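Letters A, B, C, D, E and F mark the chains in the order given here, with residues in each chain numbered from 1 onward.
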Amino acid sequence: MPYDPKRMKKVEIVIEAVKLQQVLKIIDQAGASGYTVHESVTGRGHRGYRRGGGVSDLYANAMIITLVDENAAVRIAEEVRDLIQDYAGVMMISDVDVVWPDYDQDQ
Amino acid sequence: MNEFIQQATHNLLSPIILFFVLGWIASVLKSDLHLPEAMVRGISYYLMASIGLKGGMELAHEGWTASVIWACLAAGFLGLFLPLIAFSLLRWLGRLSVVDAAAISAHYGSVSAVTFLAASAFLTREGYEFEGYTIAMMAVMESPAIAIGLLLATFFDPSGRKAEGGTPAGEVLREALLNGSVVILVGALIIGAVTGEHGAETVGPFFFDPFKGVLCLFLLHMGIEAARRFADFRQVGLFLTGFGILMPLIGAAIGLATGKLLGMSIGGTLLVAILGASASYIAVPAAMHVALPKANPSYSMTLALGITFPFNVTIGIPLYLFLAKWIH
Amino acid sequence: MNEFIQQATHNLLSPIILFFVLGWIASVLKSDLHLPEAMVRGISYYLMASIGLKGGMELAHEGWTASVIWACLAAGFLGLFLPLIAFSLLRWLGRLSVVDAAAISAHYGSVSAVTFLAASAFLTREGYEFEGYTIAMMAVMESPAIAIGLLLATFFDPSGRKAEGGTPAGEVLREALLNGSVVILVGALIIGAVTGEHGAETVGPFFFDPFKGVLCLFLLHMGIEAARRFADFRQVGLFLTGFGILMPLIGAAIGLATGKLLGMSIGGTLLVAILGASASYIAVPAAMHVALPKANPSYSMTLALGITFPFNVTIGIPLYLFLAKWIH
Amino acid sequence: MPYDPKRMKKVEIVIEAVKLQQVLKIIDQAGASGYTVHESVTGRGHRGYRRGGGVSDLYANAMIITLVDENAAVRIAEEVRDLIQDYAGVMMISDVDVVWPDYDQDQ
Amino acid sequence: MPYDPKRMKKVEIVIEAVKLQQVLKIIDQAGASGYTVHESVTGRGHRGYRRGGGVSDLYANAMIITLVDENAAVRIAEEVRDLIQDYAGVMMISDVDVVWPDYDQDQ
Amino acid sequence: MNEFIQQATHNLLSPIILFFVLGWIASVLKSDLHLPEAMVRGISYYLMASIGLKGGMELAHEGWTASVIWACLAAGFLGLFLPLIAFSLLRWLGRLSVVDAAAISAHYGSVSAVTFLAASAFLTREGYEFEGYTIAMMAVMESPAIAIGLLLATFFDPSGRKAEGGTPAGEVLREALLNGSVVILVGALIIGAVTGEHGAETVGPFFFDPFKGVLCLFLLHMGIEAARRFADFRQVGLFLTGFGILMPLIGAAIGLATGKLLGMSIGGTLLVAILGASASYIAVPAAMHVALPKANPSYSMTLALGITFPFNVTIGIPLYLFLAKWIH
């Protein structure tokens, strides 16, 4: 099949595990076609060192990647920014060429 | 008094506590020793299932008498009342913000299951019997404290709660009640009660016999985590550190009185003291964090895990037993 | 009949099934309860090793008589014959596409080891003996069904298989046979047969004594997964849902006849019924998915895990035992 | 050592776990010098919610990163696109500056 | 809150697990505000196939992401390049738009 | 001789070794069988805790006699002396670079705990007693070899070490001593010694009874890993492969002499032979890799895990026992 990628925004969000579901909801509501989640990452930032694996989920981080168009990216950015005002997290956006299958062909 | 020292020594020199100390030392020495995440969660579920099954089977044996109902009501009362005391101390003596005081209070109205397990292992070793329904009491105490914590925050700082965009109270309570550890504890309690002694044959060799050894491994992990939290104690300050030792004493006193009033055995009374004295660090921290985003979650964790837990398992257990015997 | 109800109740109220129900309920209530990935795989291997060792030691005890050979041949026959029935039903009654029918069929020619384990635990509890070589039969049934599934797809839709770029049949079979669970089952069977009763001293306290308790924990997990799959049952439609209950009944009937013809005990006959009635959800789904990319993998998983498995462990086991006694 | 990066293509592929080996083979055959794999990610897309950790590997996802030149990137894209026509997956390509050690110096 | 991202360098480093702490130290010393770590990735490169999970940590890889300004990126690149002369690893740098919370507002 | 063949067969046909062989075969056949990372680490810690507790309790029983002190001194001597022999062979016979020779040597001065465990399980099965303080000896041998490896590298190639930017010796030693497995071994040894037989009631059903079965599972994993390393043996060349079999024989001989001189029992002497013969593949590889970056880490791992370990557990254990009996 010929190489014919689509330019999109790659949004990556690190967020504390207890707020993962809420971020996924934000992503869904922004109209993203999907997302990929790394359920357990560790990290350091303004709120100190964070690492899960203990008796409580309090110090666990997750990382989410979602491929969206520019509008959705901005919408997600605005909502996630409010969230990380109170909860540990950071968000980054970059340009990528996305290769999708031809969803009309089957399935 | 002599006997207290003797039993305190027994407790301190038991493998369970020594593994806790080993974990603490390993953490202080910056060893890379740490149980894998999956193992911690697995053992945690195992311990809950084990204690639930044991409690359920005891209940099936003892029958659902009036004492059981009374005991569960008393547990609910402890879960509501202890946070009120904690909140008063923190707010008016410690001058903490409403949300911080409310968040910490909720932890002390709930229970540390591992402290309970260590205490029950201690009782078995020292030859004391205890009522099976103390485990039902523990299950009851999981949630009222969260509710009262939220109420306190809303009542004393009504504007705050709303503006902060915290998760609604109903959802917080629902999630806390459906926390995996709580579900497995309550579920196993019911399974134990339904299957009775007949079920013990099936589950005993896995859930009962190796139990204390598994608990050793878990306390190794608790030692590592507690030492890490304890290292933050300078951040919480002198008042909160003192609170982390005073509050379990108050909780234990109220628990002892409750046990005595309920007419329980010495062993059972000790366990009710533990319910009062211990602070949750499994379900409650995450629940209060999503409910009260402006509260500082490290306060509660440092107190519950870094100060109160070590105090209870080392000195608290034999001390409360001594007091339980004294009032009997 | 009375006895059936009694044994069905025994089964339903056993800790093993109650843990399954607990997992199901937790999943429906959206609790966050879930065993860690590493634990699921670890327990899964443990159970395979345990049953393999047990079977091998029984074999060493019973000796490699003609019955064993006959039984293994019969197992191979079941693995080839059951998919043919399933395929006919799905294709001509259900009007499914060739690849979907072939993929689902392969699952029903293979076996659910956990159903087998639950059935054997049930037999032990109810005091029935069973032939050790039933475990060898289970091992035999792992692969023929995959081969027949591929043959059906290629035979009835020759163009399809090629064009679809599925993995070649030989490689699919190789990978299915070398699936970790299969390797550990067969390996442990041989180790058990080689070491015999002498080996039991070494492995017994770990692999045999706590076995049933570990199975409880695994069924907790199965309950969570089954409920999740069952939730998709609307997607599979009424016909397939019915098939998920009818097919185990057919498989059980053929299994019962096979056990009887082989001259097996009541317990052994029940286990052969289980081999016939149960559907694989460990090695076969991935194998069929890579072999037949155009088949919808959620059909098989929903059927095998969401419908047939729960049916078998709750109602199937006592029902087939009732029938096994009836024909003996 | 002076900062002297090489501009390359960063190809990221999310693919269902049962097809991981096949994608790695495609990458090898395209002449990539290596790859990095996250063996267990979860996600949602056109084929619904996917999460491993069960008794079967059927619902597990893996994520692969490979640093290659443009030609290899195109070649990988074409082959992976065929693969994700039948299997769950998505692929994205972006530009990065890669810092390699000096492989001539030793080893 | 309005969408007002900050253009930064996203530095990603794959490094063998026994050297993870040293890389984190390099990152800290370069003045990064934080980092995110995937503690267990597998991979293939010039030093062959690498996968942890055994009795020794010798074959385990970790992957680090840090968001920094250009100066810090160069400084990290130079030091990490020396390190991966002797130890398995690779490093890549790209541009991203980072969404930070307003750290002055509270905390 | 007859007896040797008989005991070698006993060893080879024990479940522990058969599980090792199963893992090896699974790996060669490219099965996807592999224990999850968390499980490997968990079991590894469990085995260390178990052997530590056992050794400590034996020590408490036997008392801290002069023999214990002497034995520990002798262990330290083995840890310093064996690397010198290994280094001489590798450098002057094998013409390896200084850093490679030094790195490999350090592995042979340290110990493989799993080989030790397999040997002690073998002794128990064959009915031999052994001194509890052999476990203390094992703990002693963890670090001197690393120190001597670093000294050798610095002494014979002083410019090299500096230029290479290796981690400072003190830090390397510190990290090796604080490796999780070492900490848990030493900690459990002390806990066992402190709690004595009293503690056995608490920890026995978990840490002692299922021990050998767990060891089987771990050897399954070791088989997989050893086969993978063995596959690299062509890269290490004929000389190093020979060294991987010769060096354990030399180490065993020196160990046997040491055991005899210390006046130990046959079983104890075998275990000292194992301390001499086995090579570390847990703490030492990572330690030497960070200390001597220019050394090729696959040399040591292929030798220690792919050649010496399989040799020791299959042929070595019964051979050294035969020799231990012969010199007694």
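Brief remarks on what is shown
One rule holds for everything that comes next: a residue touches a chain if its C-beta (ideal position, glycine included) is under 8 Å from a C-beta of that chain, and two chains touch if they have at least 3 such contacts.
Keep in mind it's a predicted model, so treat the numbers as computed, not measured.
Of the two interfaces, B-F and A-E, the higher number of touching C-beta pairs belongs to B-F. Per-chain CA centroids place chain D at a distance of 18 Å from chain E.
Computed centre separation for the pair chain C/chain D is 35 angstrom, with centres defined by C-alpha atoms. Contact of a single residue of chain B with at least two other chains is seen at positions 34, 36-39, 209-210, 294. For chain A, the set of residues touching two or more other chains reads 38, 82, 94, 106.
Every pair of chains that touch is listed here: A-B, A-D, A-E, B-C, B-F, C-D, C-F, D-E, E-F. Only residues 1-3, 5, 8, 10, 24, 33-39, 67, 94-103, 105-107 of chain A touch chain D when the two sit together in their complex. Taken in their complex, chain F has these residues touching chain C: 13-16, 18-19, 22, 25-26, 29-39, 121, 125, 209-214, 216-217, 220. The touching residues of chain D, counted against chain C in their complex, run 18-19, 40, 48, 52-58, 82, 86-87. Of all residues in chain A, only 12, 14, 38, 41-47, 61, 63, 74, 77-78, 80-82, 84-85, 89-94 touch chain E in the complex they form. Per the touch definition, chain B reaches chain A in the complex via residues 34, 36-37, 40, 44, 164-165, 221-222, 225, 281-282, 285-286, 289-290, 293-294, 297, 301, 305.
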